[in-house]
Amino acid sequence: MTEFKPTILAFCCNWCSYAGADLAGVNRLQMPPNVHVIRVMCSASVKPEYVFKAISQGVDGVLVLGCHIGDCHYLTGNHRTAKRIPVTKKILHDVGIDDRRVRLDWVSAAEGEKFQQVIIEFVAEIKTLGPNPQREVNM
Amino acid sequence: MNDLGRRLARIAFDERGADILLMMAENQGNVGPVIISKGQDPGDARIDVPYQLVAILTNLLPFIGKAKVAILCRRCDEKALIELAKRGIVDDASMVRIGLACSKEQIQACRCSDCVPSKVDIGEAAEPCPEDALAIELGSMTIEQRAAFWMRQFRKCNKCFGCTLNCPVCFCDDCVLEERTYTPKEGIPPELAFHLIRSFHLADKCVECGECERSCPVDIPLLTLRKMVNRDMKNMFDYGSGDAEKKSPLLTTLDDQPLEDDGHAC
Amino acid sequence: MRRVVVIGGGIAGIQASLDLADRGFEVHLVEKSPSIGGHMAQLDKTFPTNDCSMCILSPKMIMCADHANIKLHAYSEIEEVSGNFPEFKVTIKEKARYVDVKKCTGCGDCIAKCPVKVPWEFEEGLVKRKAVYLPFPQAVPRKVTIDGDHCRTIQGKKCGVCKKICQAGAIDYEQEDSIVELDAACIIVAIGFELMDASVMSQYGLGVCKDVVTSLQLERILSASGPTGGHLTRHSDNMEPKKLAFIQCVGSRDAHMHGYCSSVCCMYATKESILAREHAPGLEATIFYMDMRATGKGFQEFVSRAKQNYGVRYIRSRPANVQLPAGGNGVLVNYETSGLSGESVTEEFDMLVLCPALIPSKDAGKLAEILGIDLDEDGFIDMPDMARPVDTSRKGVLACGFVSGPIDIPDSVSQASAAAARAAELVDGGDR
Amino acid sequence: MMVRIGVFICHCGHNIASAVDVEEVVEYAKTLPWVAHAGHNLYSCSEEGLGSIKRSITENKLDRVVVAACTPRTHEPLFRRACEQAGINKYLFEFVNIREHCSWIHAKEPKEATEKAKKLVAMGVAKAALLKPQTESEAGVIPTAVVIGGGISGLVAAASLVEQGIETHLVEQTDRLGGLLCDITTIGPEGRHARTLVKDVVQKLEASPKTHIHRKARVSDVKGFIGSFEVTIEGCDGPTKVPAGAIIVATGTREFAPTGEYGFGEHPQVITQLELERKLAMGEKPKRVVFITCVGSRQPGREYCSRVCCNVTLKNALALSKASPDSRIRVIHRDIMSSGSAAEKLYKETSDSGVRFLRYGLERPPEVVSDGDRVNVIVYDETLDEVVSLDADLVVLAVPMLPPDDSEVTGKLLKVPRDKFGFFLEAHVKLRPVEFATDGVFICGSARWPVNARECIWQGMAAAAKASIPIKEGKVVIQAITAEVDPEKCAACGNCVLACPYEAIEIVDQDGNRAAKVNEAQCKGCGTCVAACHNDAVSQKGFTSGQLGAMIDALVKASLEGSR
């Protein structure tokens, strides 16, 4: 059996987590190569539809990363994220998709190391969960 | 017109001053929604056929104009009207509700826990049903078992859109699920995303009327799924659809609707 | 008249030019070397965030070149300044590049074929460039320059290879310096600093021990675009050093050399230690210092991180001298540990980095004369009134950046913006 | 519609090419739909790189450009401008980050990094194919500035703006201008008289009809955005609403109260620098004085060096030493932070004047013991390697400067971030020291980081330079990333209205069709409304669900191909 190489999508807000990811890069913090970042202006613009779409098309995990509560470049944008994504996870859970495949976290522009840590942890978690069963559905 | 019809017309037109009345009627063997003005005879009124009149209402709105509408309302219709009014889709003030208490059988069929309208005009209030047995069963399953169950169900879906077309709180003219943005696959069954996205769209407004499930030609227990998500919303935000005072927690800040764990690393 | 001449194309000059140009002024940016960028372009990273220096600088350099309100005079010098505020007459000498910049595409074909090799300024002499050269890959403007002092043809010898090879026909051995005269309301001086020649302090072995380098040389060695491609190696045997030492205050805070503190060495030595360790895992870095001056935002934490996460050893001592070990590789550092009970220690390192005093650019004296402004006793431009921190002793002549005293990059940048504000005040306001 | 995408992969010298096989990614890009050309550059951002992209746009008749290089956060404007120069709408450019997000973080896995770069490029191309040209709208700029804080930084910022002909409101909490400088005698290291300096600036300010000074006032509300803020100033005469084009934050700093440290609050002889300044102002000349530096700073919990305290210590130590020939002034320190030339000179002069310097370590801090009218300071001198006892009339603690108490409130009002200590966080520590990431709001002085008066002055001027740019330009350009509504799809449910953090959306009736409408000038382009809309009636320019959906599709496709 070949090694499972998860495909992971990460939505990063432009102001904090994308900058945090950049900082991780600048500091050459090494991490697994499974995560593909989509830059959005605010985590609050991440439609749960994207998460559902990705998961049902076989993406193994989805990260939604935003500014810490209180630090949102758009005041309270991420307050909505803080509620939408948990609901998104619950819905996945209700239909039998392990909601650990979706993770919401806050990474500031200064937290390159936090970004690295989130990526390392998440990739490890997805590896223990194994391939997204929806992958086969879509093959 | 039967006695029931006459009684509804009296409440609507004489007692509550409505211009038109929306109800279910049987005409030449066909049961369906009808809309009548005072004095019109649509055939025999029927209350034993569950149908979401509110779903009809939203389609009729452009044609109704300023007319005052009376509508036969079960508890779920009533809640649907509240949800629509919160979104400015219907004008609550111009609405005359005729409260209909559901029958025991209907309550059983809907596994309904909130079945008595704020004012009972027709029928008799009956005991609500305890929790949805299937939901409980699904909740006690392992995640793999639950996945197996739902995937089996969803595999039957032929994407007829009955669930959305007949939903009283689905108010978009064209459903985004008809486009390829989130469900790019051609043919049936649709991707899982179809059901997930619909669940999310209804999370802050589903009134558990059961119309989706009744409309489903392949018997997917959609009402159970709705109930599961509604229970999540209740647990997370103490939110239940049909409460005129509560804004959707998904649209407000954490100041209005704090999350217990602050949403961190969930 | 809304025209300002900015002298010096380092980060301070660039920032002052951009702010004034954005503000609607016509700016003439005069840079003596073939490209703007200054010392910041040579740096690998910047402290305390370890941001890639070129990455943040390059966009600003290009904005300067692209800006409709900025006229760039690279490879140019100020010849003469007459008149007074607000009507200075400035004479700029655009030095002959022996290249028609309108025709040159910067393709580099000529560079590949040029037979003459000379020490490369940008690479701090670690490697050689050709007589026809681009100062560095991201140079702005991206035009080659022929170094007339070394070009065989210009020196009257037989060659002409570059002219033959250039398909654009850009080589022009006959080119002469040209003179540009213009009026300007204000002049901003931002000519920066240079490193004191540390070889004059012979006790530290620069130029004698092969494995003693300057901090700016190390910066180039660490840079991915530098002479070693970012591989940390020492000169004597090209081995990766395992023990690296820094000596701070080489020629600064020293009554015999330069009394002042150069301000940035504590932090860049810390940065270079971290980077060296990242480039060479397991490397042990030692910094010999007098006082650890970490006064900026995030600096103290940076030093702590260097200690805790990168094992950087800080020793409070000013080494007496260094010696060449018997094998000829590496260096022996003689120092005393601190305190009355301090003892003499001789420790061997694979490589030694000197952090020399940063001194005013050598043109400061000549330029001060041309501009009629005063220098202070250390040779920095005198800024006599602290309430007007960018005003020199002459009205309408402003200064910013390191040439007005030792400061780091953010301070240079904010001072440059302040100089822009001051020029705007002088020109737009009533303070004449 | 013809779509011809050009893809350019950057080597970034070795930065990308050392981990990512650039040529392989180029070949892969050529296989992607809509790609008409794929090439690579050593440094895409160099003049040469930009030139080759521009040439390629013309030669290959490209109508969209994808550059895979570093981060859009720094380099996007550059490439967009290049597109524009070559005749392509700049919003038809898509940036793929294969350096920070790929080569640098997978430096030791070249194969994996290359595969990932391919996927990222595929995603970028998928998005690019759906990009639409956009036009940027312009908004006017109110030619007025508001400066918050009447300390030296704020005063100088306001004075500079006024001098440049800009109407300026200065808001000061107290009834006196000058901030901390009012409390001190002379400013080190130059020795300039502090109050005279303040007086000069205030006089200059007050002389101008363009100055509006609000004493005993605070900013209670800030609405709007660059070019058209509305700042509510709560003053003695009630609230005033001031329209402004730009705002400068200069709220300064305050002294840490070292209660409980070295007997502060217990022995009256133990005081802070500011308290010493007051004594000096009253003509007191204590003779036996021990200064202790780094009290409450450079230690766990408050790790930072507060930058100014050593120089204040040196200045006061020298003044006291000179004041009386028989004085005994001692400075107990950890490092003397006299960076630069003037400060280092002051250090030398101070030590030459007979002031004695003793160094202590964090592991053995000095102790202050009361002895009647006096106190004794017992300290282990690292240099002498012995414990010494110093008797003192006065012990002066050099304590760190802290952000002002209300910096959190100010931060929230202006929607600007602060660092972990509470100091304001500038847009970029290196190259944007006086700007906030929020357009039109600027920062100077010790509210950003403790700085001396000279630095405050130039930072105030620098902030004024930045604030004057939009005001003098008279307009700001609104980036085309705002939300827009398709009224045909909109059900007017109001989800977006509720979700918008800026109250930029309203439901309007247009010819009987109710639909949401976005006020573009108020929209900041966060996209919160987009996720609130169930029908994709609201979309964000440059981040539409179609574009992001296509990116997901591309990732899925590329990954499935990879796993087969």
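Every chain is named by a letter (A, B, C and D) in the order it is written, and numbering of its residues begins at 1.
Here, a residue touches a chain if its C-beta (ideal position, glycine included) is under 8 Å from a C-beta of that chain, and two chains touch if they have at least 3 such contacts.
Computed from a predicted structure; not experimentally measured.
With steps allowed only between chains in touch, the distance from chain B over to chain C comes to 2.
Of all the chains shown, the one with its CA centroid nearest the global CA centroid is D. When the interfaces A-B and A-C are ranked by how many C-beta pairs touch across them, A-B comes first. Put simply, the C-alpha centre of chain A and that of chain B have 33 angstrom between them. If each chain is reduced to the centroid of its CA atoms, chain A and chain C end up 42 Å from each other.
Computed centre separation for the pair chain A/chain D is 27 angstrom, with centres defined by C-alpha atoms. Between the CA-based centres of chain B and chain D the separation comes to 50 Å, rounded to the whole angstrom.
In chain D, the residues that touch at least two other chains are 419, 499, 532, 545, 549, 553.
Chain contacts: chain C has residues 49, 51-52 touching two or more partner chains. Shown for chain A are the residues that touch two or more other chains, namely 26, 28, 48-50, 53, 57, 76, 80, 84, 138. Every pair of chains meeting the contact definition is listed here: A-B, A-C, A-D, B-D, C-D.
Across the complex, chain D meets chain B through its residues 489, 491-495, 498-499, 507, 514, 532, 534-536, 545-546, 549, 553.
Chain D contributes residues 71-73, 97, 99-102, 104-109, 112-113, 115-116, 119-120, 123, 415, 417, 419, 437-438, 481, 499, 501-502, 524-528, 530-532, 540, 543, 545, 548-549, 551-553, 555-556, 559-560, 562-563 to its touches with chain A in the complex. Touching chain A in their complex are the following residues of chain C: 49-52, 278.
Here chain B touches chain A in the complex through residues 138, 141, 143-151, 154, 176, 181-184, 191-193, 195-197, 199-200, 203, 225, 228-229, 232-233, 236-237, 249-255, 257, 259, 262-266, going by the rule given at the top. By the touch rule above, chain A contacts chain D in their complex via residues 5, 7, 9, 14-15, 18-19, 21-22, 24-26, 28-31, 33-34, 36-42, 44-50, 53-54, 57-59, 71-77, 80, 84, 110, 116, 135, 138-139.
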